[in-house]
Amino acid sequence: MVTNSGLVYLIALPLFGAVSLLLLGRRADKWGHLLATALSAGSFAVGLFQLSQMLGRDVESRPVTQKLFTWISVGSFNVDASLLLDQLSISFVLLITGVGTLIHIYSISYMAHDPDRRRFFAYLNLFIAAMLLLVLGDSYLNLYVGWEGVGLASYLLIGFWNQKAAYATASKKAFVMNRIGDMGLSFAIMIAFASLGTVSFSGVKEKAEFASEATMTALGIMLLIAAVGKSAQFPLQAWLGDAMAGPTPVSALIHAATMVTAGVYLIVRSNFVFDAAPNAQLLVAIIGAITLIFGALIGTAKDDIKKALAASTMSQIGYMILGAGLGPAGYAYAIMHLITHGFFKAGMFLGAGSVMHGMNDEVNMRKYGALRKFMPITFVTFGLGYLAIIGVPPFAGFYSKDMLIETALNAGGVKGILLGGTALLGAGITAFYMTRVMILTFTSPKRWDDNQRPHESPALMWIPMAILAVGSVISGYLLHQGKAFKHWLEPLFAKPGEHSELLPPIVVSGLALTMVAIGVAIAVVKYQLSEVDSVAPENVTEFTHFARRDLLQDEINEALFMRPGQAITSALVKIDQSVIDGAVRGIGQMAIGSGSSLRKSQTGFVRSYAALILVGAAALIAAIWVVTQ
Amino acid sequence: MDINNYLYLSAILFTIGAVGVVVRRNAIVVFMCIELMLNAANLSLVTFSRINGTLDGQVVAFFTMVVAACEVVVGLAIIVTIYRSRRSASIDDASLLKR
Amino acid sequence: MNLANMNWLTLSMLLPLLGTAALAFIPKGNVLLTKQIALATTVLVAVVGILMTINFDFNTPGFQFVESRPWIPAFGINYALGVDGIALVLILMSVLLTPIVVIAGWNESEGGRWSAKTFYSLILVLETMMIGVFASTDVFLFYVFFEAMLVPVYFLIGGFGSGERAAAAVKFLLYSLFGGLLMLASIVGIFVMSTRYGNRTFDITTLAGLHTVITPMMENVLFLGFFIAFAIKAPLWPMHTWLPDAAKSATPGTSVLLLGVLDKVGTFGMIRYCLTLFPEASKTFTPLIITLAVISILYGAFLAIGAKDIKRLIAYTSISHFGFITMGIFAMTTQGLSGATLYMFNHGFSTAALFLVAGFMILRRKSSTISDFGGLQRVTPIMAWSFFIAGLSSLALPGLSSFVSEFLVLVGTFTRYPVAAVIATFGIVLAALYILIPVQRALHGPTTPGNENLPDLTLREKVAIAPVIAIIVALGFYPSPLLNIINPAATTVISQQGFTDPAPTNSEGK
Amino acid sequence: MEPLLTIQAPEAALFWVLAPLSVIAALGMLLVKKAVHSALLLAWVMITLAIFYIAQDAVFLGIVQIIVYTGAVMMLFLFILMLVGVDSSDSLTETISGLRPIAITAALGFGGLLVSLLGHATLGREPVGLAEANGPGNVQGIAVLLFSKYVWPFEVVSALLITAAIGAMVLAHHQRSNVRPTQREQAVNRFRSGSLAGAAGLPGPGVFARHNAVDVPALLPDGTPAPSSISATLKARGDVIDSSQFQLDNVDTTVKEEK
């Protein structure tokens, strides 16, 4: 493996930015954000430079490593703090730093009036550094450090305005649910070390062939739990909706483009584990399919624009996990969809941000309407993103999502039909709720009262949105041209086995487009043509009530975990006081009690003492009598 | 008639003495009951000396008598002093040791 | 250079005593001078400790800086000192913690029942005994220090604490004394056995061979005597109720020494005395001990979540951490043991940080119930941030020191007892809860009444906290200097046990 | 081996007569109200025991029992009874709650068990009898033992006796609480007291003595009976004889010639 000493700068720049901004405190308020954006851009430049170098090298010597220092070495457990840059991680690095820098620029004006802007940029840089460490780590343990670092950064960013109690609870909820996922990752590392003796990706890859399938399945399931925790997949998805408590750029960066995709990266990075454990792989696909439908259904009922986009993110990541669960064939398309999703979802979130900016932080779509005339640029960029996500042909979403649906259908047998079917159904529902968002926000008649004065956002905000919109248009075409991206990632994965062509690609695309058309039509009928009142109607189907309350995910979590947890805690506290402490105090009480009861026998009368002596003598004689019997 | 009868008699007298000590309140009567117990003991000593055919029992009985005498002397002196200070010979009144 | 053979240990133990003597000459009124001298002595001892660590040659296993003088020849007891990697690390920790405690608790010494002079002489005497207990290689000497340590702490809690301090001090004393007496019984047992079967000695290295001659039954009994004493000291689950009370009513500085160092004597004792002297008995009792440890982890975590008072909360978190340490020790793998030792070091600093910052908060707000605080992030950002970082180190966030040790313990235990490791890992989720709940209640949310104008950390307090947080972060990224010291000692203990790390189960080639 | 000692018929008869009597006397001692009666009953029990000693060839002890024990110790009791108040009878009702039942059950248990224990416990040899031991005589045998084997206890017991005696004296002696009146004061008090009857001092013994019985009061110079000459007990019992019959006026004081 070729060593290259430039990798560390990728992480060092944003890390330096974060640490310096936090330590300098108030003094860095005036120029703090500029430094942060510059450092993020610098890191992007290093990324580009590394890409150009990597393209220059032949396929075998593309992956590059850099050993910083030996982190932990105890007996046979030795882990070096070293970085690995190969085709997979370079695509992630560019996505993270590219979208990250755009969001930095966007935040400069979005957070202009916030007193703690410096702290916000410090957290953003900390996030980017942690995410880069996650994707550049060469062993599961290094990945784990980045993994929890990202969890910490998201905790800080979600709870940025933590003077509001609700936001503080949301950040705590996010961190705790991530921690449950991280528990899965630590199990995975333990299993890897216990059964394979190594935790580095290359080491596990070598030993994967020899290892027993049971170990590999266990490892795969644990990695899946980790991915589910971080990427807000079913069953650990309840925190994503509340994560919208953070400022919108945070939602764009973390909860659309980068952090939530870490789960997909982990599964694709450990492709050798899942290839050796088919039923773990199937489970991944199933989880992807369930979340895909779950997120889409929630998306249809959400009135808060950010929550709707969050639900759509959950569903799109369901697609990626589904893709990753389809084995070698699906890995490349999952990552491709991840990148295109990074563009259009981040673009849409920034669009939502500029809409909120214009409507002074109003998030309820039912209070929007006819913003097309007041925010033309936001409307155009948001529209391009919308077209990309529902998969209209020339746009990015079409290429990546269609390929996913196609691989799902061709996965063969009943599995193919089921997974492909859910993917198609998902495409339809996605089209429905995305059109609903577009109509409610931009094209439907005005529903906001007059003291709102929607205005277009300043240049610094709409330029990144425009770039992302362009990205969401051309990225699909570029990556898919002659399967360029698939060949780019191919050397990393095993050869996909031959499988039957259930349906030719043209038919698949046709099917997908019809589903999309149906979805759009329903949405137009329901929201564009008929009158929409500004207060959410109550007499709606039972199902919509469920969807509004996130399909009861919070209620279930509270009933299953939180309340029993609280019950256990209070029970144990009572036990600790009464039983264990009581036992100790009890011994004390017993001593005092027996003392006072004995005191009563001292009556002071000579005759009672004489009686006691007599009783004693009688007892003695009785004992002798018994003994000599 | 078995020689043990003397022992049974001494046991009975001893028990009566013990009950007397516990039941009666007059100090002097209590004292007499103690004397009775001592005499019962002497009787069994003499009987044992006869059983064993050695005079040791009698010598010990003799010593018991001497000790009993001393005890009576001192005991009565105490009773007198208590009586002089308290004008009552009942042993229940002397219960200052009570809690 | 001759620095190696100069008997460092006695020097480091004598210095605090000299400090106490110096304190005696200062007039009672002049409190500032007392504090300065106390601080100077502790810093001096810290320097000696650091020099000792530099001079320690970690490649050669076994004891170094050994010195031995006959003390009670009649029983073969001699004043024998010596350190291996594990003991050195713990001495370094206690030697570094004491000056920090003195600086942070600058005005803790007033307001007590006795003068500041007594307070600081108690702390200095305590420091001598701390070094002594880790450095002694003679079982009897260890026992003497083990018991003597209780006295200064009893007076510190009883005299300078708050709340119902007398009751807590007595409870602490009775608990530890009970344990100590059990240990005394075992020591007598050892003495009798060693006279019967071999030469009459109390020296650790020679006694290590004792277990081959005595009957397993006798070994189990002697082991239990030691183990129960150590299990009370490092509170394992059923014998822990003294810790929260003692920590709550002691001053923050004393609590740091109590939890940071004194409790480590328990776990250190398990390694040095339970494992080395009675390997077979340790093996027979390991399943029970591992279960108790796992229970302590979860029990401590749940009670920490339910705790209303900050100091009790930190005490309960320590019970959970000690569960991890004991599990690491009795997993009997190199990773487990060196992880546990590193954990002892890290826990010392993370608890010190938590307690000292909690002390600053309580000092300002004059109350230690968590609900009285609110929205400190806005009012006192630096204090809030140091509490947050200390909390993160307590929940073992990667990148901070506790993660490295906790993960080593978990990995070490997993290779031998997978079920215990799995259940223990739930502890890290509970850890997130018992740290973030108080952080949210105290730091986030709107600034509740009474917290509006709390002053932020003074320079002195920053100087006290900064090195602790620096160590926590530095060891998180670069733990190898410590690990290199600990590893050889850990491997010797494990090999002595006749254990070898379980080989990876699946790595044999097809 | 045939038993060396068989109890002869007369001794058995003696036993079956005296034993029940002594038990009844002992019980009586318990149940009788007046202390003097219980003292006499105890004396009776002691005498029966003396007879038993003699019957059991312990002649010396029997004699000592009668002379020393019954004679001296019992008389000491009676003396103290006199001192303390012979009429101090006490009611037999129990004052301490719950004491009587305990005492009774404990006593019955104790006695019963003891008797049954003696019943089935054996000394492992047949009674030897004292014929051979008393060969040179009972007193001589005891003397030999006393001054050979038991000489040390003998000395200790003698020391004990002395200390007991001194102890009794110390206990019974009490300091005078008031100052001893001087002769001058006594003379002044005589004239200052209520009546001048006794002022000229009491007549010496024999002067005007008409009767030397203890229950007849002495006469003062003016012929009235002297109150202090009769013990309070007799006065309390009303046994005092009227002394008017000895008044001067009714005595024939004519002087007859002495031939």
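We just call them A, B, C and D in the order they show up, numbering each chain from 1.
In the analysis below, contacts are C-beta pairs under 8 Å (C-beta built on N, C-alpha and C of every residue); 3 or more make two chains touch, one makes a residue touch a chain.
Note that this is a predicted model, so its numbers are computed, not measured.
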Where centres are the averaged C-alpha coordinates, which chain has the largest centre distance to chain B?
A
When B-D and A-C are ranked by contacting C-beta pairs, first place goes to B-D
Could you name the chain whose Cα mean is nearest to the mean of all protein Cα atoms here?
C
How many angstrom lie between the CA centroids of chain C and chain D, rounded to a whole number?
82
Chain B to chain D, mean C-alpha position gap in Å, rounds to 15
When centres are defined as mean Cα positions, the distance from chain A to chain C in whole Å is 38
In whole angstrom, how far does the Cα centroid of chain A sit from the Cα centroid of chain B?
98
Two or more other chains in contact with one residue: find those residues in chain A.
603, 605, 607, 611, 614, 617
Chain D: which residues touch two or more other chains?
96, 99, 103, 107, 110, 114
By residue number and range, which residues of chain B touch two or more other chains?
18, 22-23, 25, 92
If we count contacts the way the header does, which residues on chain B are in touch with chain D in the complex?
1-9, 11-20, 22-26, 28-29, 31-33, 35-36, 39, 42-43, 46-47, 49-56, 58-59, 61-63, 65-74, 76-81, 83-84, 89-90, 92
In the complex, go through chain B and note every residue touching chain A.
18, 21-23, 25, 91-92, 94-99
Touching chain A in the complex, chain C uses residues 171, 238, 240-241, 299, 302-303, 305-307, 333-335, 338-339, 375, 377-378, 392, 397-399, 403-404, 407-408, 410-411, 414-415, 418, 421-422, 425-426, 428-429, 432-433, 436-437, 440, 443-447, 477-480, 483, 487, 490-491, 501-510
Chain A-facing residues of chain D, complex
96, 99, 102-103, 106-107, 109-110, 113-114, 116-117, 120-121
Chain A residues touching chain C in their complex are 69-77, 81, 141, 144-145, 147-149, 152, 155, 159, 162-165, 168-169, 172, 175-176, 179-180, 182-183, 186-187, 189-191, 193-198, 207, 209-212, 215, 565, 568-570, 572-573, 576, 580-581, 584
